[in-house]
Amino acid sequence: MAGKKSLYMKRVDGRKIDEVRPMIAEIGIVPSADGSASFETGGTKAIAVVRGPRTLHPQHMQDPKTGVLRVNYGMMPFSVSDRIRPGPSRRSEEISKVVEWALSSVVDLSGFPNTVVDVFIQIPKADAGTRVAGLNAASIALAHAGIPMREMISAIAVGKVDKTLVVDVNKEEEDFHDGEGSTDIPLAVTSRSKEIALLQLDGKISPDELMKVIEMGKKACEDVLKVQIEVLKSGSVGDE
Amino acid sequence: MVSEKRQVVVPGETIVSGREFLPGEGAYRDGIDVVSGRYGIMNIFEKHVRVVPISGAYYPRRGNTIIGTIVDITFNGWLIDFGGAQNAFLSVAEVPRYVNKNEMREFLDFGESVIVKVWDVKSRGVDVSMKMRGFGKIEGGMIVSIGANQVPRVIGKEGSMVRIIKNATGCDITVGQNGKIWVSGHNIDDEIAVKKIIEFIADNVTTNGLTERVEKFIKGMGLNVSKDDVEIVAENTDGEEG
Amino acid sequence: MSDYVMPNLQKEKIIECLKEGKRLDGRGVGDYREIVVERGISKNAAASVKVKFGKTEVYAGVHLAVAVPYPDSPDEGTFMTSAELHPMASNEFDIGRPGIESVELARVIDRGIRESGFIDFKKLCIKEGEKVWQVFVDIVAINDDGNLLDVAGLAALIAIGNAKMPIYDSENGVVEKGFTEDSIPLNKDALSFNMTFHKVGDVIVADVGGEEELISDFRLSVAIGDNKGEPRITAMQKGKSGAISSKDMENILKLIEDKWVELFPKIKEYVFG
């Protein structure tokens, strides 16, 4: 970090700048579904449920060459302090779409023409990083559902708090107002080819800092991937 | 040389490295690596690498025995719901006797259950047949539903597991590859016991020493464990290695 | 889009079993599945809980806000229940506007709580005619294996029983972040919980399972409270198209008498314990 000292030198929860919060994951949490998983980091928990491949209705939306992936993301009303009215919002629709694009880059539904694979993501508790937690849970759930996937997807929210680049931004860091404020960068990386499947940014950052923080993010995604692999191999990871 | 390992792999994981290995179903080649393309158990047989799913939906294959319900009747056949993404089609040409178009419902009516064999899988659906012995309409008994991928463990190596259940309860058991299992016994308590045992197996598919645990579970229910064969009427167990 | 078609032989087996007082999972007709309760899911909410009966699972949360009272009850807090029978829970539920099932479920639970007098609405008044507390109960179903009504009903009660009032700056009329140690003002004696009975074949069952629910003729939800050690009915709702005979009614009331004594203390513990 060049230039003036940052106003945010020590992280509020004592973590190092490249340290992720402890993660808890579980598979098979919704027995009636084809695949399901939960993924929790800090105060954020995401539940992902996969149903499919199943016939896509209405028929005119079917694709005779391939199955279709459909993501529906939502937050439970009591997940945040200001109650969220039940039902879709523009934010939830946007998140559904970027998550769908990310997952589509690794999923191969060419063997299931005219079908849909539905991925439902719900957030019972939120403390920043909801879309990345949702994507992490969805990646595990799709694998659990036996859906053909070339690789896994791991996601983390990286960011800049005043001048400090950090990994796994929490709510307090997201709300930081002093100096250059907070820049929030949700990032998702494919597990094998290490390509970026999701990238969004909200704030201010120089190109150099961006490259640096993406590298930090890719490294942190390795930690996430470890948890995703372990939960698939053993059923659960962490406290639960 | 046969080389089999019961090891779980995840999408993107390198299973084995080397150009002599060939990626089969569920695997793909990336450089010199053979990589898993799904979550499942890896299986290497004479340099052929494949990944067998352990969870998720049922994908029908030619030769599978499946159990389903008649949900629709057309002019030339019946549509069967077997829990797959699309319904299976049973043509009038694929039943043991001649059925004219006015007798369709009399032969097989809505809601009736059948055991059929998959003879073709196309993109628009699955074709089935009940011409052979051991296939046809089933009546009485009950259906226990489990995940299709748990079926091999319920059947066991050469049918050993399902034989243990049959001996302990005296029930006839026909296992559909689609995860539907038809249980028919002399009384309800025996049938309920079978359901409990099957569900126990389904909940414990990935554990080691499953056979011993199942035997313990059966004894805990007050039933007897015997590996000797009991007279079985209809045998339809095309199971895989358990 | 409804996918599942119940085979005739299965329906016949369920009904045949019930004639002997047995159910396919080994339960008796009045037996409940294992109940599991988890509290404190989200620290952002006044309360958030997860409740399971067997495999049926529901999340519920409570949120409090300050608002203008309804004109016809200027000195009372307000109460609103929402329910989402989310498509993640079952192949039977669709995405989109709430279906009639979720609307009915929310309204039945809402009425049961409201009419029982469990929440002391008058004590939720901050300034008559101007400011009162609004209580929101939000329910999200995660897995449907039968009897969502009762699981959701219990989850709502536990959430309300565990909810803490937000910190309120009365001088400036601002609700702050964080919660006090105070509960929502409740009349604990008015606690009324929901028991739904289904007629399957010829038999009345409690805590219906997934397959049984698909073939039941009618369901009757009954909210039951405590009147000095005796059960007291505070709300009812009949659903589905089958008609209730007087014998059915007798059997339901008998089941209530038998089961209530056993269940009510457990329910109280979940809600207040």
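Order of writing sets the chain letters: A, B and C. Residues in each chain are counted from 1.
Operating definition for what follows: a contact is a pair of C-beta atoms (placed from the backbone, for glycine too) under 8 Å apart; a residue touches a chain by one contact, two chains touch by 3 or more.
On a predicted model such as this, the values are computed, not experimentally measured, just so you know.
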item: Chain labels contacting chain A and also chain B; value: C
item: Most contacted chain pair (by C-beta pair count); value: A-C
item: Chain centre separation (chain A, chain B; CA means) in Å; value: 35
item: Separation of chain B from chain C, taking each centre as the mean of its C-alpha atoms, in whole Å; value: 38
item: Separation of mean Cα positions, chain C and chain A [Å, integer]; value: 32
item: For chain C, residues that touch 2 or more chains besides their own; value: 3
item: Multi-partner residues of chain B (each touching 2 or more other chains); value: none
item: Contacts with two or more other chains, residues of chain A listed in rising order; value: 54-55
item: Touch list for chain C against partner chain A, complex; value: 1, 3, 41-48, 50, 55, 57, 59-63, 65, 82, 84, 86-91, 95, 97-98, 136, 138, 140, 142-145, 177, 210
item: Residues on chain A engaged by chain B in the complex (per definition of touch); value: 28, 34-35, 52-55, 64, 106, 108, 112-115, 143-152, 190-192, 228-229, 232-233, 235
item: Of all residues in chain C, those that touch chain B in their complex; value: 3-13, 16-17, 20, 22, 24-26
item: Chain B to chain A touching residues, read off their complex; value: 8, 10-13, 26, 28, 30, 35, 37-40, 53-57, 85-86, 123-124, 149, 206
item: Contact set on chain B toward chain C in their complex; value: 69, 71, 81, 111-113, 138-143, 188-189, 191-192, 195-196
